[in-house]
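Both complexes shown next keep subunit A, but they swap its partner, so subunit B is in the first and subunit C is in the second.
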Partner chain A sequence: MKNIKNLLIYEFQNQFFSYKFVILLILSISLTSAYTVVKLNTFKEEINKYNSETNQNLKDAKNFRVFSDVLLPIQNKPNPLTFYVNGIIKEGSRINITWDEMPEYAPFEQISNPYIKTIQEFDITKLIQLIISIFSIFLVATTISSEREEHTLKLIFSNNVLRTEYFLSKFIASLILLVIVLVIVYGIVSLVIVLNGLQVFTDYFVLKSILLFLSSIFYISILISISLVISTKSHQSRNALLAGLLIWIFLVLILPNMVKTCINNLYKVPTEEMVKNKINDFNDDLFEKINEFNNKNFPTDGNIGLNMSEGRIPGIFEVVGLADKNMIYFGEKQIKTLLPEIFKKQSMVISEYQDYRNKLASQQRLISNILFFSPDEIFISASCKIAGNHFSSDIKFWEQVYNFRNNYISYLNSKNAIGISFFTQLKEKDIKDRLLDYSIDLQKKYNDPFLYPKLELNDLPTWANIETFSFPYRELTLLILMNLILLAFGIYFFQKTDII
Partner chain B sequence: MLEAINLSKRYEDGNLALDALNLNIEEGEIFCLLGANGAGKTTTINLFLNFIEPTNGTAKINNIDVTQDPLEAKKFVSYVSENVMLYSNFTARQNLDFFAKLGGKTNLTKDDYYMVFRRVGLQEDAFERKLKKFSKGMRQKVGLSIAIIKDATNILLDEPTSGLDPKAATEFMNILKELQIQKKSILMCTHDIFRAKELADRVGIIKEGRLVMVKN
Partner chain C sequence: MIKEIFFKELAILLKSRTIFFLYSTIIILFILSNVLNNIQFHREKEIYQRMTLNNEHQLKNASNNLSTLTFLNQSICLSPSEYSFIMKSSNNLPNIANLSYFNLSTPVYQFSKSKNNYFTNFTTIDWSFIIIFIISLLAIIISYNTFSGEKEDGTLKLMFVSNLPKWKILLGKFLGILVVSILPVIIGIIAGILSSSLFRDIDIVNTMVIIFPFVVQSICFISINILVGMFCSLHFSKSVVSISVSVVIWTFFLFFIPQISILSSKNVINCPTISQIKEDWNKIIQEVFTKYSMNWDDAWIGNPPNDGLFNRVKAFNEFENFQNNTSNNLLNLFHEQYSIYKNISIISPYSVFNSLSEKIADNGTYRLINFENQLKSYHHQFKEFIENTDNADKQSYHVIWMESSLCPHFMSNKSVDIQDIPQMNYKSPTLIYRMFDGRIEIIMLLVLSILLFVGVFFKFVYYDPR
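Moving on, here comes the complex of A and B:
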């Protein structure tokens, strides 16, 4: 392997100064920059809209804080473990506070939190797949075939050059070149983001960028190996290019869609409609019970009673029943008898969603496993792990959320539960004291799940003490393995191919 | 010294490109292999360079079987092809530097390269010019420089004067004569009978893979 350094240096220089590389670089930079600017503008609009909405919610919520202990942990910027206010409706002396569903149980309609959306969508994965991958083939597929065509290959191998070192030098030089393109593209994208005044460079953003970068390199190196094999076999550059393009179309455009369609057909998941119908049945039962309860306990005053307010997902902890400021007293004992019923129904709803999510997650995992080499899949799963609100994120995470809910429900059921004070006549100060105790209690237990003014990505593992981000070692290991196998195959193939 | 013993090659499509070639080119000898297109000339060179495996027989360079130890054998041979494009993004000197290093010459200076260029008659202003705008004759001169700088004892040439103008071809031949004086064994495949007669110590005529005649 004494020639590898020489071969590598010259191969690198040869490609670096070629018109193909210059075109590749200019196109990559311009396309990614344009894409980033468009994405950023959309992102900014979403953030502004979101901030103004949440500020209004916060303002409204403050006015009604006295009515509910549960209101204290209102998270105006969604925190997946807490409840946050959906709307406050004042009807005469009656005030209904409806609670939005817990974000993690929003399977049909993702909450429009741009901070969460950013993690999932704001990356250049798709662009890398579409642009850099096609350029990899454009650059590499002809590298050996053109040398064969121009007889340079014969001249090289008229010397005592090993085929392995020649192949490796082609591979490494192409990889270095494409990594340079990636670094420049990343640098420019980062610059565009910074110049737009967005502070998205949290720890997770950096981590995700590293992940994106790493897997992009591995993905590109797979394409390089494939392109080199094509180039090895082709006697004409245009045939190599054509074969490379066909393989690119198959790998990037056809295969992922084909796999998804097959899995969707083979591994059936209940439709949204089916789950909704089932949940509606639970809720009908619950409404009936609440009506019964209200008729029995508050027969004379229609304005006082327990109300089940329907949010976007009915039944999910939307127990709302408030009188106005002067009529806070509710029959503690009576309500305590109803709570288990409510909680039971809620558990059934949660369990339905859980089941639905599990199936979706299994389906998604199956797709990810088959398309493990695609950075898109890696980022989907990594992003989900970061954001913690996607069906494909780790089921363990949802189990912990579920446990948290159960603990909370037990707490409400317990003798000194603040949930009961919800229905008792307490002064504002007392409620605050009780809430403070409750918060401290929860802080000890859950590492402060409340009082986050804004959902920051790096808050996620802290508030619930859950490690939401796990580096996709498995996917990366598979990528590395696939690279090694392809490289070994390429070298073997080149050994068996005629130079002429 | 170049030697072919019963060297045969039958391609996968059944075509017998070379049929039991026996050849021995001594030190300081120029052997011209004459033949029409498809006669087996290039196949002979490809076998000597181990680009293809022989179906039968042996090709030897300095008594080293090229099939048995191709890397060792290639240390002793230089090659000039019919129409080598080389690396058009590099200058003539960079191309020469690259191939010189592949040929094991790692300590050469710019002056050494320039000296070889002057020897093959490449004009001075072309030394540091990129090959993009080189004519075929200029490229061939760079190709010959590559063969010369390796300083191997054997040289294989595959239609080296094809497409060259008469002046360039004559210059090329003169350089080969100089190499002969340096005791190089030269095998040149060509279909130019006049050049062959003018240059060669021996001329072999190959037809349909068989060496049908050898003349001094």
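Moving on, here comes the complex of A and C:
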């Protein structure tokens, strides 16, 4: 291995000054800088929104007057790693945990231009996948075959040069070249992030971006070794280019899209309508049960209203208590027996939603299992896992949200809040008074919930932003294994092929 | 002699193994895209029919009373395009709009939850995807060494020695390559139509009429790609250089220009954010409350409306105006962004092809914009209808404003005949009209192909075969 240094320097110089490399540099620099400018604007807006809403939440938390008012917000921190990967698109940034609202993103929070969605959202991984990958094949696929064409290969091997060291020098030189491009691309983006002070929003930002950078190097090096293998096999460099292009089309364009369209249409996932129908069945069930219960135990006290409007899990009308208008349906006993029943049903509905979400994820999991050999898919899922945008981290997030809701309910239980005091601060005796007396003074006194003194709730459960990062063990091992296999394969092939 | 060159070119290309492999994958892709698009079409149509039935039912219920009709929120669904296999609309394109007497919402994508959010990087495969991404590259791959390759082999000299006019050589070669790259498209289209005729009844005559312009434009588009490859092979003596330059051009026009045009259009025109709109909304609420006394005690039900009521009506109208204005402004800004994106990306024949096939299939953003225009005219019609029937009723006070609890006391409450109520159904414009809309794209494609052909011709006339 004496000559490897000279070979490397020669190879590096040869490729560094080629026009393809210059074009690649210009294209990637201009695209990344244009992209970061646009992304920075939208990201700053996200941060403004996040700050103002968290301030509002702090203010709101001191203004609860009844327990049914208690609202625990979950605010998603803006993630600067979305500069690198968009990942799965979240439908909003805020989830309200209340006693009768579905724990879901509030709809229509973001406005984006629907007409320019036609081409997919762009990010740094897209740049690497579509543009840098094709150029890396272009740079590398001709290196060995062109030397064979020009008969310089003969000259080199007549000088006591080992074949492995020749192959390795080619590999390392082209890898260094492409790493330079990647360093520039990642450097621009991370500089913009750090200079604007946005890295504060994720922990270990630098480590994570270095991991992202490493995974993209592994991805690119797979492409390099594939094109080196092609280059050793083909006697004409134009054939090598052709074969490289065909493989690129197949790997990047045809294979993933074909598998995804097939699975999207053939592997059926329940639609949200089906889930909603199930929830309606739950509602009807609950309604019947409560009516039965009412007729049995409190035959004289009247009816019950069930809240069935959209975005709500089954709960009693808020008019049950006195926080609202002029109706009183329930007494202390009824609420104490009915509310736990309702909470039980609610948890069933929520678990239905969780099932639905898991099924959706199973579709994507099937795809990533089928495409385990596609470096494209592995690279994307690895970078999504690092950035915390992966579907598995989303499911983890939702589990955490549901746990948080359970905490909320157990908090209510611990405060002995479930009873008539859940809806009002009046005593049962006052309510009975009010039922009999409809004088305006009394109505004014009791109806205005803003006259109640504020609750002092200092130990409300708070949402801790969970770590969505998960180390991509599987993806990284797959990438490294593919690299090693391809490299060994290439060296073995190169030993066997003719020099001429 | 053209014939002989043409057939020789055909024979050489069709013999190679890679071409055979590509042909079979392309044809399989065509069939697959048609089968999958049919499944998708059936699903979307089912949803559409359910939505429209629901809407009709609501209208029928509301026709008992004019006031409930004015406060009815119709959700109007856009029907899926019959020819979605030519050009599929992209994911999450809006297809539902809410409409009432008072306002018309901007269309939104309603089935977002029925689509899997966890899918990353997903483009559906359709005919225009196959032609734009795969056939165009195939054309470049076939044509990059027409001259440089023969120059390297030395056969070009032989051809120049024979007494042939040069344009005949060029035309023969060009036609041979064109036929080779068009052949899988035509076979694939026929196979695709046959496979989709298994799933649903297809009006063969109508589909042929639609497909004919599509085939013509794809011939034009593919010939542009071939001419780019030929130009590169004429300009560079080495075939390696010629293929890499032509693929650089391919990536530049396919990926770079659309992305840059999207980014620049978003940068040139800034849309207001939700928080800005909310701030404005809060301001308007405060202004209106200070301006008008909103005390309800001043107005009473059933009697001729007094000043207190009119104050209330004015305040509500101001809210309504604000809502309508903001949504209109936002929509206009979106349209401006879109037009900037279109104007920049018209340089690239790939985007031109995309937008033209959108117009041929009447799908995608073209369909959405048509839908919006029809919605606007329908909204106007609906408003007029309600005002006219209200004016015809002598018992009403003809005061209509956006407060569902009070307004019915001051307007007509008579029942309406269902057949008199105007109803909205999306009417797709005729093919000739659609082609007229796509005139700029057609001219662009034609001019580009003619210019490139002339360029290649002159390059070839002064070509040195040595």
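Operating definition for what follows: the second predicted complex is superposed on the first by the 253 of 500 C-alpha atoms of A that agree within 3 Å, B and C clash if a C-alpha of one lies under 4 Å from a C-alpha of the other, contacts with A are read in each partner's own complex, and residues count from 1 in each chain.
Rule of thumb we're sticking to: contacts are C-beta pairs under 8 Å (C-beta built on N, C-alpha and C of every residue); 3 or more make two chains touch, one makes a residue touch a chain.
Everything numeric in this text was worked out from a predicted model, so none of it was measured.
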* Once the shared chain is lined up, is A:Thr152 touching subunit B (first), subunit C (second), both, or neither of them? -> first
* To do: Quick one: classify A:Val161 as touching subunit B (first), subunit C (second), both or neither.
  => first
* After lining up the shared chain so the two structures overlap, which partner does A:Pro256 touch, if you call subunit B first and subunit C second: first, second, both or neither? -> second
* Considering only the touch criterion stated at the top, classify A:Leu130 as touching first (subunit B), second (subunit C), both, or neither. => second
* Structure fact -> Winner on subunit A touched-residue count between subunit B and subunit C: chain C
* A:Asn6 contacts which: subunit B (first), subunit C (second), both, neither? -> first
* Common interface positions of subunit A, toward subunit B and toward subunit C -> none
* Which of the residues in subunit C end up touching subunit A in this complex? -> 18, 22, 25, 29, 32-33, 36, 39-40, 90-94, 107-109, 112-114, 116-125, 129, 133-134, 137, 141, 144-145, 149, 239-240, 243-244, 247-248, 251-252, 255-256, 258-260, 262-267, 270-271, 273-275, 330, 334-335, 337-338, 341, 364-365, 368-369
* Asked: subunit C touches which residues of subunit A in the complex?
  -> 20, 23, 27, 30-31, 34-35, 37-38, 41, 45, 48-49, 52, 87-89, 91, 108-111, 113-120, 122, 126, 130-131, 134-135, 138, 142, 146, 237-238, 241-243, 245-246, 249, 253-254, 256-258, 260-262, 264-266, 269, 271-273, 360-361, 363-364, 367, 380, 384, 391, 394
* **Sites on subunit A touched by subunit B in the complex** => 3, 6-7, 10, 13-14, 17-18, 150-152, 154-162, 498-500
* Enumerate the contact residues on subunit B facing subunit A in the complex. => 46, 49, 51-52, 70-72, 74-75, 77-79, 81-87, 89-90, 94, 98-99, 101-104, 143, 146, 150, 156
